[in-house]
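Heads up, the next two complexes both have subunit A, just with different partners, subunit B and then subunit C.
Right after this comes the complex of A and B.
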């Protein structure tokens, strides 16, 4: 419960912190930390406009998307505080329930009959398909390292002692951070601030959403940020004294938000046709991690 | 489960034919019964379109019944000769089921392909069974358990079953046969007839006492390739039923990965691995039978409403066929293995087994497990790409061509789909009940020894998660209902970047949806392009046509056959149609026979 509540709490300021970082880096005054939240609240109070082309699939899509992120958060523990839901193989549930959300996001976009949204949907489907193996390889290597097969057992069991485990944790954190960027459609794969539909990925898919639905999609996006950062935080929380769990968690959340902001301030987006290579290269890094762990645990004979 | 064996005395050739019903038989018989019953109800309405051909329809249903009975018999008989007879009855009756529309050329072609390949399968089985009987002197299944000679008869038998199941490289009959058969036959065929191959493989594994390690690795490799190849080609298909047929190959691959994992677990002495692998395979057999037959039934609705299965010509059907669309969506979510539907449960079991194998494995095991996990993950991701395309292009947006007037079909078609959707959802939400049934089947497998008992407990936790998912979705839907009260809801055109005169042609097509993917995989997939480019200042007619084909089939099946045919053509002068020549051949043969006997004597 504590872990889940803390992810919700971190989601409140995550995107705001990214926006602040970007404003500071570019020397603008910029909006406040809570501006994204205010936007969501404003959208949720509004009415909605639906295209006559759309049907019930389009209306169901934002709800399933948001529900999938909530359910994915439910299996993430925080150090010694267990997760809301935990069973052997829950990380598979984590990945697959997120895929459920993506599935509905994609069919929701296709329901509008717009070529832009079809384009965004095709890109999103491809990138998330290519990114999936990296996640499983990271979790596989952590599972191998600790000998457990559920988040609630694996993550608290990671203790950073010695160079090898530190290296593994840092590489895993790096892969997860890049995954966070890809899954949340941020630079260098996608630029949320682009104003040209042809270069959009995620933004193109939600062009026709409005009102409560759009608010829900944005809120789910913030929650997804905090969720991945919570996974990263869990790599390190096991090594600090119990009393420091919560501060460490929040520090990692803030750190990843700031680093995403810095990345976005100083990096251009990749060319669209380089994205698949970039995304799939992550899998090879993750595979490297698996074999690194095999070496570390010493049963690679 | 203790049912006494029934011994039938069947004369001097067959000897005593033993009939026995153990948990494995009953599991498959249950799956067969569900799908055949739903197919019969669905097919009754589907065949009304052919009411002008009363006799043919009656014969069709007779074959349907015979096919059903032969499948049940296959699950019960414990005598290899009787098994082969039932196998042949099944192959012939399903051939007649497929070629119902026998006045169409492509139907006869696909039917012949099926006919030949199912007899390749039968030939492999016959040779394998007879080789074992030669060694042990008995045609009873117990002989397989007692057999301890060379491994080749077992390999032949497994290959024979693999042809029926549609593993790569024996998959080439599937994508031809499924699209031409009537929808309920495709559903039944993909749902259960190919599963008889899985039953055979599982039966042999349950009987044999040989070391399963090599077999496990081999099955795992073949299955992973089947799964990946099936889904990679499925994405490229524009015929809806052909797309589904390639997905059968993918799902057979997933089932095979479960079986391979089970064998490896049994050979390594890891009982929980074996239990997870075999249970995952069994559950996925049930799951695939349900969602694939639903998908074929829904595709049948699309075909009879729109008179085409070409996805590029369809679109916007969700408005006209809302129930069909809903069933297709539910089954698509299930086939992608997404929670809260049933496909997730079986894939989770296989995943957990693979991750368990990774832990404490040696070098070979770690490489095997990590590549198997990668394969399963990619299969899942590609399936999402494929079914978002299939559902999105066919049912969503607006029609891409002028489609005929259509109405949603009546209850006799919705009922079987409702029943299957309900079972699918119940497997997803309450997997513990199905897992305990699967656990009792798995308990009789080699190397499992009691560790299957933990499955239902674990599955009840999984069920809690899927139930919670449904709960959260319902809660959010309620929240939107509350928030939407008193707010204005307007209609406005889809955003067209300021352009308001968009037509249906502007929509993304199936080809454009998969274009980047097709470019990425172009090295692995066959793609034939015919292009008359635009040239000179006053260009003539330009054309561009691309067609993708099954590279494996073309290079490894069709090309050798074509070479063989060309070779045989050299002797075609012998068959010149003149009677006097044929009499001459006869005389020459007789003279040669006499001479040869004299010389040899």
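Right after this comes the complex of A and C.
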């Protein structure tokens, strides 16, 4: 329960921290840390507008998306605190409940019949599909390393005791951080700030959503940020004294938000046809992790 | 057939423009534009009375530094063989004439509405299982003008783009005849394209003064040149920021955005308007450039230049930005020549076309302008041309300020009241975007009978449509921004 509550708590600050970082880096005053939350609150109070071409799928999609992220968060533990939900193979559940949310996002976008939304959905589907192997390689190798098959068992069992385990944790954290960028449609894969429909990925998919639905999608996005950062935090909290679990968790959350902000401040977005290469490169780094773990557990002679 | 030759801003009596029958006229204009040094500056129809229409063609010759004028009288609702069939540069002009008169151009390959944006616009259509069409606009995301873009794509790749304009048509050319007071006309000229207020204002002032036989003082010419170059600096800087913004490069977008402000704020201190509206008026400069303003400007530009050079050196070599700009939106030199591209976009495609050098006006002869050209015609080339032009304009601005300080302040001579009767003048100017052409024709009483305007966007919208072919549709915004064409300048 503590882990779940902490993820929700971190989600309140995450996007605001990215925006603050970007404002500071560009020498702007910028909005406050709570602006994204205020935006969501404002949207939640509004009614939604539905195009006559859309059906129930379009209305259900934001709810399913948000619910899927909440469900995914529920299987993430925090050190010894355990997860809300835990069962054998729950990391597969984690991956596919997120995929279910994404699927609904995509069919919801297609439901509008807009060419922009179709393009956005096609792009998002492609990058998610390409990113999936990287996720399973990371979690699979951690599972192999610890000998467990549930997040609640795998993550607390990671102890940074030697050079090899440190290296594995750092590479895994790197891969998860880039996955976080891809899954949340951030630079260099997507530009969340653009107003240009033709270059959008995720934003194009939600062009027709408004009011409460849009608020829900945004809130789910913030939660997703905190969720991936929680996975990263878990790689390290096992190695700190129990009393330091919560501060370490929050430090990793803040660190990943700031690093995303820095990346977005000093880098241009990649050309769209280079994005698949970028995601593939991530997969090959994840493959390195698999070999590293095989070496570490001594199965690779 | 012979043609009359005039210099930029040199008035000519209408009767001295040779009139030929249409076949000879057609042969001559097509022969003239076959030379790479020549392009069509303006081509329009005049009402000649008695059921006749007079076609007037102005072809700018960059090598001879003059403008060839020729005309032909045809029947009001005649069917004429099209010049576009022989030379692509006439494409837009013939569409414009056909739209505004009853003339029909036979054999025109692309005869479509130019400025009416009808619901049943005949878009080019391609059939194919794997093709899809994307329509963008006329209402866009962001505070920009209206225009409709229709893409035919295969997946992410653009096969064809067609641009339908006309939503901004205000009838500016007719308003010039309707509004008879000089100040009204000067304000109109500044409103042709809001981002080229000084550019169009200068060209109008030059045209009107030429018709009145009024020679402006050197001081006045220096001030106008300075205002033109400041406008170039401000808009190029803003566009560089927008290009960085479109590739999500926040540092470039933030710093270029900040750099534009001091330049336009200086215009506010000079003439009371950040976009330079009111800065240029025929006969006399309403806001004299004082010594204090000169010191102010030198300080502003000094602070500007340091940051501009530092950021530009970074942007030009930053891999993450270059990866987006290089080989994106290529306009080949052959394409640029065929469609008669002008200005900064043409120069980025290695077409040395710059009115400041080829048909000098104001003090550009004294500045001895040497155009910047690049070879590749991609977004990067257009970015580099903009950066180099800003550097060039900074140097010009300093020289102009120094020269202005050396000149005594003066009282403008009394302005002549009337324009010459039955005359015509072609006034060319190089706005930041490219060649601006105004043609003024007067009637027997010295009143305006026709005021023909051409903004550089008129040619260059086609350049954009060609440049995005074969690119990814997600790269269209940066292609578009690298040209940054005017909707209202095109639609008039």
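The criterion applied here is as follows: the second predicted complex is superposed on the first by the 301 of 301 C-alpha atoms of A that agree within 3 Å, B and C clash if a C-alpha of one lies under 4 Å from a C-alpha of the other, contacts with A are read in each partner's own complex, and residues count from 1 in each chain.
Rule of thumb we're sticking to: a contact is a pair of C-beta atoms (placed from the backbone, for glycine too) under 8 Å apart; a residue touches a chain by one contact, two chains touch by 3 or more.
The structure presented is a predicted model; accordingly, all values stated were derived computationally and were not measured.
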Tell me the contact category for A:159 with respect to subunit B and subunit C: first, second, both or neither. neither
Determine, under the contact definition given at the top, whether A:106 touches first (subunit B), second (subunit C), both, or neither. first
Taking the superposition as given, does A:197 touch the first partner, subunit B, the second, subunit C, both, or neither? both
Please name the chain, subunit B or subunit C, that touches the greater number of residues in subunit A. B
Which of the two partners, first being subunit B and second being subunit C, lies in contact with A:47: first, second, both, or neither? first
First, second, both or neither for A:265, with subunit B first and subunit C second: second
Contacts of A:115 with subunit B and subunit C, given as first, second, both or neither: both
First, second, both or neither for A:149, with subunit B first and subunit C second: first
Contacts for A:38 in the overlay, against subunit B (first) and subunit C (second): which applies, first, second, both or neither? neither
Take the contacts of subunit A with subunit B and those with subunit C, and give the residues found in both. 115-116, 118-119, 197, 273
Mind listing the subunit B positions that touch subunit A in their complex? 315-316, 318-319, 322, 325, 329, 332-333, 336-339, 344, 347-348, 351-352, 355-356, 358-363, 366, 370, 373-374, 377-378, 380-382, 384-385, 387-388, 391-393, 395-398, 458, 461-462, 464-465, 468-469, 472-473, 475-477, 480, 483-484, 487-497, 502, 504, 506-508, 512-517, 520
Within their complex, state which residues of subunit A touch subunit C. 22, 25-28, 115-116, 118-119, 187-188, 191, 193-199, 264-274
Touching residues of subunit A toward subunit B in the complex: what are they? 44-57, 60, 63-64, 66-68, 70-71, 74-75, 85-90, 92-93, 96-97, 99-100, 102-103, 106-107, 110-119, 121-123, 125-126, 128-130, 132-133, 136-137, 140, 143-144, 147, 149, 197, 207-208, 211-213, 216, 273, 276, 283, 287, 290-291, 294, 299-301
Touching residues (chain side subunit C, partner subunit A) in the complex: 132-136, 141-142, 156, 244, 246-251, 253-254, 258, 318, 320-321, 323-324, 328, 472-477
